[in-house]
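Shared between the two complexes below is chain A, which pairs with chain B and chain C, respectively.
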Partner chain A sequence: MASNVYIKAVKQISAQQPLCEEWLEHPITYTEPYIGSVEPDYKLFFAPNEARRLGKILRRALLVSRQTMKETDIHNPEAIITGTGLGCIENTEFFLKDLVNEGEELLKPTYFMQSTHNTISSLIAIDAKCNGYNTTYSNKGISFECALLDAFLQMNGGKLHSALVGAYDEMTPDYFTLLKRAGYLGKEGLCFAGETSVGMMLVDNSPQTALCRVENVEICYGKPDWEYLKQCLNFESVDAVMTGLNGEAANDGIYNRECAKWFPQKPLLHYKHLFGESYTSPAFAVYASAICLSRQYIPQHLFAKPETAFKDREIKRILCYNSFENRNHSFIILSICGR
Partner chain B sequence: MDELILKLKQEIIEVLNLEEVKPEDIDENAPLFGSVKPIDANQEPEEIDENAPLFSKGLGLDSIDALELIVLMEKNYGIKLKDPAKGKEIFKSVKVLAQYVEANRTK
Partner chain C sequence: MSQAVISSMGMVSAIGNSCSDALKALKEGRSGIEPLRFLQTAHCEFPVGEVKMSNEQMCSLLGIPQDAVTTRTSLMGMLAVKEALQEIDLQEKGKRIALISGTTVGGMDKSEQYYLDFLSNDNRNAYISTHDCGACSEMIADYFGIFTFVNSISTACSSAANAILLGAELIKSGRVDMVVAGGSECLTKFHLNGFNTLMILDKEPCRPFDASRAGLNLGEGAAYVVIESAESADKRGIEPLCVLKGYGNACDAYHQTASSPDGNGAFLAMKQALANAKLQPEDIDYINAHGTGTQNNDLSEGRAIERVFGDNIPPISSTKSFTGHTTSAAGGVEAVISILALRENFIPLNLNFSKSMPELSFTPSVDMETKKPLTNILSNSFGFGGNDTSLIFSKL
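And then the complex of A and B:
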């Protein structure tokens, strides 16, 4: 018998207030095209010199992981599974700049060690003394969903009982400039380029204390088989669809077209205006949906069309639909826990 | 020599990202590596390590910091350290390091 999968806790550091859900009532709004994360005071969480060697993304990843483990009281998860589009891009840039400027003989070991994508997941494992399954998915705009799918399938099949799933990406000024020049970011109407640090603990038990249940995770390449998905994910009973609307005409056209066809009358939610665009930003869709399901409350500003907003109504199921360049698609059904 | 010691302290702080450490916090005679305990007034004579610092704990640096310092030596002073055993001696303290730099620097 397949095990149910629950999200027991989720923590974030982003363009919104870190490690809390202040954005529900008092979201920070931005007009700039590139926004870094609002950093917590790391001195409150790390001993002096403990994090001195860590790049920004590693500090964030370590902190959200520690906070997630602390809240769930699961200090040694059976698996640590991470999604990242760019990995430790800042240290990679430092390393490459040194390589260009100093040649191959005077390279700093720290930048080298922390320039690989799987540094994040391994650092969390070393910190937590977790010797179990440790995997990093780096599949551009669908990296987080691959990590979640891995955990979901293993837990569903009874191979895992706890998994720390994370999504981490940072944005550097240089990389932003390159993506802007290539026409991916900084476009008219497009939300800001942001950074992602989300850690969530998945468990196969204790629905009473979980935020929500992960009912299903589907990813596909190319055109989705909508008829199959409609039946498999039971579109009819979805209360809202959390979309990757980001203000850019071509991207939003995909969501508006498909959602009008497959989810008519369903309120569309969005989150990228709050958390920004990044390869792993779909993790914020799951984060925001889990919080909304847990609190049985969707703030007005999450509704893409204010006139579709509702309240005082039970929220049972939210579908997180992400389309990356209309090429990779993911569908994640989150539902209320039996309580 | 004092000027070089101060410069080395500043470079060590910068390259190793020793947040919250100021040059004046670093005892130039204290060991850079390991976690050597300073002598405790209550220790018995036979318990006292004759090489332990009298007043201060070391910086507690590790092997990765040693690699960073080797890069620093070559980059800033043109000193190539190839013998690991020698490195252990040179990095004993900031003062020892300054003396070695003074005697061997090529830039």
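And then the complex of A and C:
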């Protein structure tokens, strides 16, 4: 029999207050096009100099991972699975700039050593001494979902009992300029470009202490097979749809069109106004939904249309729907744990 | 649970532009490691395993306009996937086909060429979006237009092996009907220089498992296998090439760019692959080693192999002496070489070997003859950060 998959804890560092759910009641709003993360006081968590040696994506990843492990008391997860759109892009840039500007003779190894995408997953494994399954997905706007799908399949199939799944992306001023030129960020109406650091512990047991259950994960390339998805994910009984609405006309047009067709009458939620746009920002959809399900409360500001807001009603199932440039699509069903 | 079988494959590498070219080179003992021809770098002192085609030649072979926005990684990937798919009816309606591709360098060949344009003007904007790993896989997918799921894995030098591992899991889950899995990676100044700063490149042809080994030769290439269930192959009326019998993934959890002295991650990956395949160490007839030719890897991997196989070590070779280290593509390249060896019943040579390592009890294979028919082959792929993966390919 297939095992159930639960999210036991989630920790985040983002444009909102770090390592907490302050955004529920006191969301920080931004008008700038590019926002770095609100950093926690690393001195409280790291030995002197420990954080400084690491690039910002690595120190965030390490901290949310440690906090997630601490909270769940699972210090040696059977798997560490990471999604990242651009990997350690800051170190990559440092090495690339030296290469382009200084030539090929005087380069130093440090930036190169911490430039590969899997540096993140490896660092977490080295830190926690985890010899288990370890992998990294880097697939544009569905990198996180690919990591989640891997963990889900293995746990569902009984191969894994615990997995630390993470989503990490950092942004630099230069890379923001580049992605603006490429037409991905900084567009008219679009929410700010953000950074993602989300770590979550998946387990196959103890639903009574978990935040929510991961019922299913579906990912597709090209046009989704909507009829199949409707049936397989049971759209009918979804209480709300957590969407990637981000204020940009073309992007929002896709969500509005598809949601009107496939989820008529369902309230649409959004999260990118809080956490920004990044390749792995869909991890915040899962994070915010898991928190709402466990607290049985959706704050007003998460509703895309305030008039659709509801309260004092049980929230059983949330569908996280991500359409990346109408090319990659992911569907994640989260539900309350059977208590 | 259904068995995952491999029904076809494709490869471009330093030893040829197809699987049959590669087979010929392997049997003739002809290495593809040569002086640099295509990569523009100051470091022409390092021999490399380049694919012997320019981007323009690859575009012509693929029927792509010369001015199309592509990267070398995606062009090589398209050629290898094309070979892998050549005998498959792609028009079958409703088929769910996944592309799972491993890469780390992605579109870095263009980024390092145009980075100053990226920062200062709009001339090369199209190449900004081809930088990342996902872009590379999507360019390959879009060339064929048949894929319903596209995913990219980036675990450095074990990327393609992990792509094959995930492919098998997806087939067993029943979520897709067919998977094309492997990896592609072109040479770039970025990682040639990166490896050079780590002082692990050899100016001579690499000598895996040799006492005089002094580093690796970088290579490039792309290799993919088509994975499906035994039932699916049966339904299509084809005889699979082999069974993907087992796999293991473990993390060395030791250092970002070095392997642990006792090869713990490698040991665990091989043990898990054997357990997953329900095989004993003595069932393995040949090991296609990761064998990069660096001091660190070959000693660490050698120790791990001794721990798993004890006194009964099967023939071992590192075919990186033919192809160079194709980094993220290596797991795919070596899967294809392993399957060629399995089908043709020969032990690929470990070129350039002359003196055994004093620390190890075994020496690599320098003889293609096999004492018994090959039934099970273990292929190792280890990456930076200790991302270690082992795959087992078996006769049907």
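By definition in this document, the second predicted complex is superposed on the first by the 339 of 339 C-alpha atoms of A that agree within 3 Å, B and C clash if a C-alpha of one lies under 4 Å from a C-alpha of the other, contacts with A are read in each partner's own complex, and residues count from 1 in each chain.
Quick note on the criterion: contacts are C-beta pairs under 8 Å (C-beta built on N, C-alpha and C of every residue); 3 or more make two chains touch, one makes a residue touch a chain.
Computed from a prediction, not measured in an experiment: that's the story for all the values here.
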Chain A contact check, chain B vs chain C, more residues touched by chain C
Quick one: classify A:P109 as touching chain B (first), chain C (second), both or neither.
both
Considering only touches as defined above, state whether A:I254 meets chain B (first), chain C (second), both or neither.
neither
Classify the contacts of A:N134 with the two partner chains as first (chain B alone), second (chain C alone), both, or neither.
second
Between chain B (first) and chain C (second), which does A:R53 come into contact with in this model arrangement: first, second, both, or neither?
first
Check: chain A residues flagged as touching chain B and also chain C 105, 107-109, 113
Counting only contacts in the complex, chain C reaches chain A at residues 41-43, 104, 111-112, 115-116, 118-119, 122, 125, 128-129, 132-135, 137-138, 141, 147-156, 162, 166, 169-170, 172-173, 175, 189-191, 193-194, 196-198, 249-257, 264-265, 268, 383-387
Would you tell me which residues of chain A are touching chain C in their complex?
80, 84-87, 95-97, 99-100, 103-105, 107-109, 112-119, 121-123, 125-126, 128-143, 146, 150, 153-154, 156-157, 174, 177-179, 181-184, 219-222, 279, 327-328
Touching chain A in the complex, chain B uses residues 15-21, 60, 64, 67-68, 71, 74-75
What residues of chain A sit close enough to touch chain B in their complex?
48-49, 52-53, 102, 105-110, 113
